[in-house]
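Below are two complexes that have chain A in common, paired first with chain B and then with chain C.
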Partner chain A sequence: MDLQKRERRLAYKLMAPAMVVLLVVALYPLGHVFYTSFTDRVFAGARDAQFIGLENYHRLLAVTVEELPPVIDEETGEQQIDEETGKPVYERPIRVLPRQPHAYRELTTFSLFGSRYVLGARTPNFIRAIGNTLYFTIVSVFLETVLGLLIALVVNSEFKGRGLMRATMLVPWAVITVVSARMWEWMFASSRAGFFNMLLDRFGLIDRSIPFLTLRSFQVPAMIAIDVWKTTPFMALLILAGLQMIPQELYEAARVDGAGKIRRFFTITLPLLKPAIAVALVFRTLDALRVFDLFQVLLARSRYSMASFNYYELVANRNMGLSSATGVIIFIIIFIFAIIYMQMLGVEE
Partner chain B sequence: MKKLLILMLSLSLVLFFGVGNVQAEYDVELTIIGGAVGEEFETTVRAAEMYMEENPNVHVEVLDSPDSADERLSLYLSFFEAESPEVDVYQIDVIWPGELEDHFLDLYEYGAEEYVDMHFEHIVENNTNIDGELIAMPWFTDAGLLYYRKDLLDKYGLDVPETWAELEEYAGIILDGEREHNPDFEGFVWQGSAYEGLTTNVLEWFASNQGGTFISPEGVITVLNERNQEMLEMAAGWVGDISPAGITAFMEEDARAIWHDGNAAFMRNWPYAYSLSLETDAFEPEDFGVAPLPAGEDGEPAATLGGWNVAVSQYSEHPEEAADLAFFLAGWDVQKMRATDASLNPTIPELYEDEDVLEANPFMEELFDVFVNAVPRPSTVTGDNYSAASSIIYTEVHSVLTGEQDALTALEYMELELQDLTGFEIGQP
Partner chain C sequence: MVNFRERPVKSILFLLMLAVIIVYLLFPFYWAINSSLKTESQLFMTPATMIPRDPVTLEFRPYWGNYIHIFQSGQFVRGLRNSVIVATLATLLALSVGTFAAFALGKLRFRGKTASLYIILAMTMFPQVTILAGLYAIITRLPLGTIPGMIFSYLIFTLPFTTWVMTSFFKDLPIEIMQSAQVDGATPFQTFYKILLPLTAPALVTCGLLAFIQAWNEYIFALTFTAIDPGARTVPVAIALFTGEAAMQEPMGETLAAAVVVTVPVVVLVLIFQNRIVEGLTAGAVKG
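Coming up: the complex of A and B.
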């Protein structure tokens, strides 16, 4: 046996314990979730689970589009017009959507080429949860990146008390999410006991208090606001580390050549910062896609993220099979995002 | 370095044996998990102390759990899924025996016969499964009540409302008057968040308007009818009118907080709020009262049967002792203490004649019929499916309260989904 071969065997032997640990703590639970997702297992139940194939996935993802027929007025033979809104009346979606073999529920209605359609889903709450999570992820990560970059640039420059500034900046990140979620819940409270309502009231901007956390149009933006508050420091820190890697000589050389501040930022800082921003983006995006605590604490069952839907399906409705399928779908969505990032940013090089 | 290591090792040894010694002081360690709404937690701790005085060889630890019944169930289920022996005695909701029976011991095997006869028969029946096993001992019973401000009714020359329409009207009158000098004033507060508590509120609306109890005891789904639609439309109109716009996120304690500050004319809540209302600075004890909830135009008032029981875990390491603790908690002394200190309604009828209990809670005598005739949720007929059925009910109703769906559509979906879930027939109440 030559040296190379012996070394390789030794390497495998040394790696074996780590591989075993990985198998036990990562692959086994993952495989188990995959397996459970094909059954109708009940959480904390005594009955044996049945194998039901892809039924759980069908239940979560099945959608259908049906045309809504116009409601014809019997006297005139023309389509009825709603007296209050002045809009033409169509059949109600619940009458049109299929009930057998599976019941579909209205997700949304839309018009196309003069006809009215309804988009139905077997589990509209899950489809909405995917939408909520994507909306949350894209907006919050975008804002965090922009603000994080600005803050990193500021604390990277020389000024008095810079060390203190860098330390205090991290406070929101250090607070446990559930604690900060509760704190924000009080600030968003629906009476004048809440900070925002008190503020708006003080300036005479509102007559009645705004229930931020129950108004649908405010719910996800409120979650985004909290997440941006909490995670921007983390983003700033990662970008700051990248900034400090850039050699000062480059700036000096550029200055000698007569490049202005803006020019220096776009030709030196930003290109050299790309790897750091890429890492930060991947981190935050994958993290945001799994968002659970904010939605669970603040919105509970009035609006779901993918992970909080998964949680309630498991522990409240006790559908372990269905929630496992949810877990698998979340896994796949996150996987797709990871691949897109790797392709776009060339991380593997 | 070496010195440090030795120091660490010896320290951990001391800690190890030290902790071991503490544990050795007691023969048995029991853990009970219960609620912390109002003064529940404090009185449970007091009950545990009473038990430890009588049984010096036992140490009882009390854990608290989330206020929301659904969250509490989630927590319990994760204990059960892991078959954890960590908790011996569980405080369980009156709707859970059917759903959780697999995880609790049959208390008859531990001598419950001796104790059950003194409790309300309908609660014992509720806690007994089809095989005749006693899943839990009754601990306290609950029924939804209408809290009202006497002083404000007098001020505007109004009586205690007997119908929902009257409640709406009176709350509006008081609201308009009070808000002139108190912008935080609300007319009527209740529980509108998407959780089990909303189901209990809705049951009262529906049942008192002759709209049925969602699913009849015989297994007929009765949600879709004009009476329920009318009630639901009325309640949706309260949101942001006589009730705060944020009511759709309210649980018991959120409603009580507003009431407690003197900022509500009416409140729907459980009896526990009574003793706490005596302690507020915002109004005098004689300025508020409790009454049966209003009814529909031609209906009878309905109060949802609530209440909690104590059950012993299958996975307990000390089942004998845990059962003994459960019997003690459900017994005369503890129930009396919890009734006088925390307005938790006893499940022992004779305690409703006890002077100390009645002195602390005069309403318990006046409203005795309300407690005895409280309307149960359809948990027996739905069995395993109750939580899922209730979550269908409160999710649909919640979407009406927040204005996402109209009442008719919500009731149609409610009917459809309940049928999908249970396979029951559809009918009229």
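Coming up: the complex of A and C.
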């Protein structure tokens, strides 16, 4: 049919600009990154890049486990005991970890079945970056979902000023991420000039101010706190939209059948909300896995996320090959998460 | 829910919960405003004060110097200008290219449509950081200039987003409109241009606003590409790298004043368009 052919031709014409743009801004750089990840290319380097196979990937991901032999006291023939801590002494990790052909550095040590082991990596910072990112993602997305559901349920009930409430919820979402990082940086300030230390001090909970952003155990939780503040409202709005699509008759019918409030929540609200929550969860997880702004602005090089590691490798170390390999690894990790979600939730088309 | 006469305890608990949520959402922003109105010495008063107070007399005394300074400093004003240019052009480009594609995807029949839809959807979740090194190599090699380079690279997230959201709007338009236009002898392109486009104007505004906010927010590309060209820094980069006139000292008051200045217009826009935005966000996400 002539009309059909014309329609098809028009469709291709309309699609062409978008496809060309995507080809240039996404597909070409993606191919470039994939190719470069197998080379030792250095940005603005004088010599030509060499093809080095999987070396970049090995350098980023290689880990090894070595047993730490006990240090034997020459006089007694038994294992030395540290005089201060009273703990048995083992060989130092740096002496056990392989140095040839590649140097491994200590990631962590652990005990198993009475022996002491060291976990070493060629690039401990990247392995830690993966750990930091996963920790950040899992905890923040979990908290955002629970809090988002809670806020959505509260806002969903009838009350005056509901529109105003919904507007308020958009405020944190509208704040630029870098700006929210700096706002919270000041609230986290390490003296009582900072809001949190002032508060903790006022309630007599601390003797000395806590340097939230430099203390290792507080660093990632601080990032999580900022992310939860900024994205919970978004999550709540998506869940709210799902809530409003649930027909009221279902609740009426359940009430007539004598179902209590909690029962109604678990048998009606939650199952019918599942698609909305699922989509929000997928979006947030894939977003959290590429977290960059918070880590780069607040922690710089003291603690990396996968994305900020990539950035510093590229801009500060000018190591394009390694940075590209990092990009590919991030891509694969996010891809795996996407597949797991699709499988778990059975996302319908 | 709120009914003091019948259920006083429940109502009070409910209002309390609302209050907690509102304070949680707004307090950090309040704290930034409060701190941006303090002088250096007021900022480092311990314990911190809930409003700007005079260090000696403890009277309420706001200080506007931080706001005056940032508008006198070249880096912030230049950042604002760069951000407006980059975000506006990236949005307009994405809207024009994306709307054409969205019309085809939403209303026309052609081979490869499903595949194209999947590609667009996958692209909306594409991790930008993956291609950072590749884009950096291309942009530094092309004689394009940093700002056009940024605009172009921002299409990687604005284009799939606008295409996806506009497709769902086109899909929702009744097919009868197109059919009656065809009966009247209009070509598909005329139908698109004269009938469907005006109908989707509200959707275009929403979609454009959301794309604009994404571009306004963007940090990793801007930071990387302006590393060699500080004059092209956008607002997020300027705020992240804010330096005071005195070296080695972090001008927190000015940073927070800048933070407030860039947030207020976006918040106002968002509040004006709040209903549309919620619709747009849910169209972008839920219908995915």
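The definition used in the following text is that the second predicted complex is superposed on the first by the 321 of 349 C-alpha atoms of A that agree within 3 Å, B and C clash if a C-alpha of one lies under 4 Å from a C-alpha of the other, contacts with A are read in each partner's own complex, and residues count from 1 in each chain.
Keep this in mind: a contact is a pair of C-beta atoms (placed from the backbone, for glycine too) under 8 Å apart; a residue touches a chain by one contact, two chains touch by 3 or more.
Please read these numbers as outputs of a predicted model, since none were measured by experiment.
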> Looking at the overlay, does A:94 come into contact with chain B only (first), chain C only (second), both, or neither?
Replying inline: first
> Counting only touches as set out at the top, which of chain B and chain C does A:191 meet: first, second, both, neither?
Replying inline: both
>> So in the superposed three-chain picture, is A:11 touching just chain B, just chain C, both, or none of them (first/second/both/neither)?
In response: second
>> Tell me the contact category for A:213 with respect to chain B and chain C: first, second, both or neither.
In response: first
> chain A residues in contact: does chain B have more, or chain C?
Replying inline: C
>> I'd like to know which partner A:318 touches here: chain B for first, chain C for second, both or neither.
In response: first
> Residues on chain A in contact with chain B in one complex and with chain C in the other?
Replying inline: 43, 191-192, 201, 315
>> Please output the residues of chain C touching chain A within their complex, sorted ascending.
In response: 1-2, 14, 17-18, 21-22, 24-26, 28-29, 31-32, 35, 43-48, 97-98, 100-101, 103-105, 108-111, 113, 116, 119, 123, 125-138, 152-153, 155-156, 159-160, 163, 187-189, 213, 216-217, 219-220, 223-224, 227, 235-237, 239-240, 252, 255-256, 259, 262-263, 266-267, 269-271, 274, 277-278, 281-282, 285-286, 288
> For the complex, which residues does chain B have touching chain A?
Replying inline: 68, 70, 73-74, 77-78, 80-81, 102-103, 183-184, 193-195, 240, 244-246, 248-249, 258, 384, 387-388, 391, 394-395, 398, 402, 404, 409, 412-413, 416-417, 420
>> Could you list, by residue number, the parts of chain A that touch chain B in their complex?
In response: 42-46, 92, 94, 99, 103, 105, 189-192, 201, 208-211, 213-216, 300-302, 315-318
> Can you list the chain A residues touching chain C in their complex?
Replying inline: 4, 6-8, 10-12, 14-15, 17-19, 21-22, 24-26, 28-33, 36, 43, 151, 154, 157-160, 163, 165-184, 186-187, 191-195, 198, 201-202, 229, 233-234, 237-238, 241-242, 275-276, 279-280, 283, 286, 289-290, 292-293, 296-297, 306-307, 310-311, 314-315, 320, 323-324, 327-328, 330-331, 334, 338
